[in-house]
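You will see chain A twice below: alongside chain B first, and alongside chain C after that.
Here is the complex of A and B:
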């Protein structure tokens, strides 16, 4: 092989790796685990991994919803407040059912339905504003974000809502390796979402709308109806995340989802989904969210002040965006 | 041509956008196996007429009939279902999707069984068929798994046309299909139009490139300021008289 050929083959290799964000993210994740373990061997333990996955579970739920929304060319800023309000509303109902002596399991199931229902309501409001009144997604979901966050504080006076079933908190303790039972259910939900995004009509239409909504409409796709489904899906997943926080904390905390929208968007962007819509993969979001929660736990364990986390996340976002630009330039 | 073979017809169609009048009392017919050229200066109302024909916009007045039956398109979907395909200027494809995903967009093929009912796609089948369908209408595209954004301008246009032609069962409306194309590629597009005509489709060909219009059409309809000012067989025009009719120098 001549020097020129060798350079070319190296170039194609590099391009191939650049083209596969998932591989890169996986390498970053492994490097992080190695670094944190080197600085403090305690990091490499079931307990810490369990903690990381417990943090990951609610973030991946809202990040999955955010992935669908962003691939469709929109944005959902309301997911964080939906997490909070869904947890709070469900907590009120579970407190009520507990004081009127209903069984714990019945109470937990009703709470789950209420949390999901709250998410559906917020998602439907977003969908209505975006598809019927034609408010741009950024503004529409900014409205529901503010309203949701405000209402959770008004309902609760700012404090947590307890008095629900006592066995709630034990449910999120890891039982199967580093995963809890709700954690396993969330992993399954994420896999189902992945299948629908990458292998089914639902995902195909989501990409098509984000890529060129005019072409999607011209091809006979009911764009508004599909967008409505996506925002409601995002609401449902945020409602589930709110319920998960309830289980984890044992109370409904109005602030449990605070900043969740930014974490979700960070996970999506680090995962390689372009904010312009039409491209990206859910496997990237899954790894992006995992990297975010690994950084959080890792920095605490190696005794770095918690605020550094935001700096590290900012660097990761910048690197991801830079990579995206390099890749789109390489493609051209 | 006799009147029984009228395929698609608009009669007395007007279209207003608020106080702006885009089309006034437009009537014309497309027969099976006929290529009708639709020409006019910028702002003559061509795009509006295309949108009305394709179901993207509803006429303010007038009727549309397909094979003698009056139709009301509420959306492009209705027109597509009825066999009326439209190729829009520049924006007919989703660039991030693959060639086959674009060809099958809105008409996906599903795997068998429960998964298919849930909307799971039979991608392999679509990849192969997309390639075959495009080949059938005379378009050779490299891999149908490639994303459209990786194709050249000419290849993209070929895919868009191939998609429209392969799905059309009655009428095909081509809005500026030879725009931004080189001479050889434009020639290929005209060949595809002739093939569509041979299949018995009614073709509406909208173009600014008058030599193409004169070359491929049977009849030319000229729009000026939202009204039809001429509707005559192509052989009654030459490039000078056509240009004069479009600009209004020849009344």
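Here is the complex of A and C:
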């Protein structure tokens, strides 16, 4: 191979790596871990990784739902308030069951079902507004976002709802490496979602609708039914995130998911999914969410005010969008 | 056709929803006076507890209460329009809990100019000269008492060296600032070997407070104590300590006697809780306004321009009766 051919080969490989957002995100994550560890070696510990994954678990749940929604060409602003309302509704029921002397495990299972059920209701309302009344997703989910946030405060009076099973918090203690039992279940759920999006017909329909809904309809896809499934899925995952927050805090707090929709959208965008729909991978969202939570813990560990997190996240979003545009131009 | 039916269904649902919300508004019975309370974040359990006190005293004094604030946002931008709407209803008296001392001054003065006597509660406007009274819990005193409780819990000795962290909600909320100042000043004077090694803000979210404390517990293996400056931070810190199995090993001093937090005193999670008495603040505000409106000379003579209602430190040694007495009832 001549020197010129070698240079061309290297250039092509570098371009290939730069064009792969997942590889770049992984590099960014490694660099962050290296930087935070350099500034404070305690960062590279099981305990800190446990903290990061505890923060990551609820964010990735709502970010996965948001990924499906955004790839289908929509947006779900209600995920944050669904987290809050699912958590408090489940907390009320668990408080009631505990005072009625039901077993802790039974109470926790009922709480889980209630949280998921609340998510299904919010998702179904979104689906109804979007597919039956043809309200655009931004407005439809803005409505449920406001109603959900308001109702959680009305139900609770603003304070946390406790009095549930005493073993709730202990469930989120890491048991296998930095992962707790609910954390492991969430990782499995994320892997199933990844398989659904990248390998199954469900995912192909989602991409097709996001790319061109008219063409998808012409190809025989029941677009409305598929969109309804996606918004209900997003609601279920937000409900699960609300339940996870309950386990972590031992109380249902109406503010638990506050701003969660923006965190989810940030994870999705940093992960390389275009807000225009039709493209992107769930692996990007997984890394995007991991980067967001690594920044949070890292800044605390190295003594930088947590408010800087917003600045760092803004830079990451800008970089991710810029990269998407560069790749889009390169393709053209 | 189907689309039209859907739109009609949505319109009907929305109208029904609005009507049912409207039906929830309390009917005003004929009473002697109407007194309006205008606060920042209505949903804060502190204000919920204040409302319990206000309602009880209103029943005694035959007063109707207007209770208004933003559901959850503590900000002058949301409070000023609400205060203006309340003043348009021409209440006989106003209890203002300003979210900002400068921004709410004009609203405060507007009410007084309209002949409505004003009492400031909890927080205050800059110029209190025309205000009937300013009634508050003492935040600086609460911070100082928290420092005393912490020093006692960690068995402070002048030969020792101690690390503590402080969880706050925001850098500017006057209550947070007052408590932190009181805490810091007391440590500087009485406990110089205690070092505040870190502080962070939770933006009213227990999950954020939990993240902050979880990371501190890893970062500072020799941490001796935590001062959680309000109810939100108390909830987040308590869950983090429980998850890390450090209950009883690290002193946790919380603020605000939310029912859940009081339960955690009994379980040993909180070493101590600094409790305010918002119900007493509301009761006194109504008493002062009714005396003013009645032009009751004896009652007016009892009005103090500044009233500071002392805080109480609750701990495992507090009597069950006192724990019940100071728990915020919503």
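Simple rule for what comes next: the second predicted complex is superposed on the first by the 322 of 332 C-alpha atoms of A that agree within 3 Å, B and C clash if a C-alpha of one lies under 4 Å from a C-alpha of the other, contacts with A are read in each partner's own complex, and residues count from 1 in each chain.
Just so it is clear, contacts are C-beta pairs under 8 Å (C-beta built on N, C-alpha and C of every residue); 3 or more make two chains touch, one makes a residue touch a chain.
Values in this document were obtained by computation on a predicted structure and should not be read as measured data.
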Touching partner for A:199 - first (chain B), second (chain C), both, neither
first
Kindly classify A:225 by the partners it touches after superposition: chain B alone (first), chain C alone (second), both, or neither?
neither
First (chain B), second (chain C), both or neither: which does A:278 touch?
first
If we overlay the two complexes on their shared chain A, which of chain B and chain C does A:250 touch? Say first, second, both or neither.
second
Most chain A residues touched (candidates chain B, chain C)
C
Answer with first, second, both or neither: which of chain B and chain C does A:215 touch in the superposed model?
first
Going by the contact rule set out at the top, does A:11 touch chain B (first), chain C (second), both, or neither?
neither
Contacts on chain A seen with chain B and repeated with chain C across the two complexes:
none
Which bits of chain B are touching chain A when the two form their complex?
54, 56, 75-77, 80-81, 86, 88, 91-97, 101-102, 105-108, 110, 118-121, 123, 149-150
How about chain A: which of its residues touch chain B in the complex?
195-196, 199-202, 204, 207-208, 210-212, 214-222, 278-279, 331
Which residues of chain A touch chain C in their complex?
40, 42, 45, 47-48, 51, 54-55, 58, 129, 132-134, 149-150, 153-154, 156-160, 162-163, 169-170, 172-173, 245, 248-251, 253-256, 258, 296-297, 300-301, 303, 305-307
As the complex stands, chain C meets chain A at residues 3, 6-7, 9-10, 41-45, 48, 71-72, 198, 200-201, 203-207, 210-212, 214-219, 231-232, 235-236, 238-239, 242-245, 258-260, 263, 330
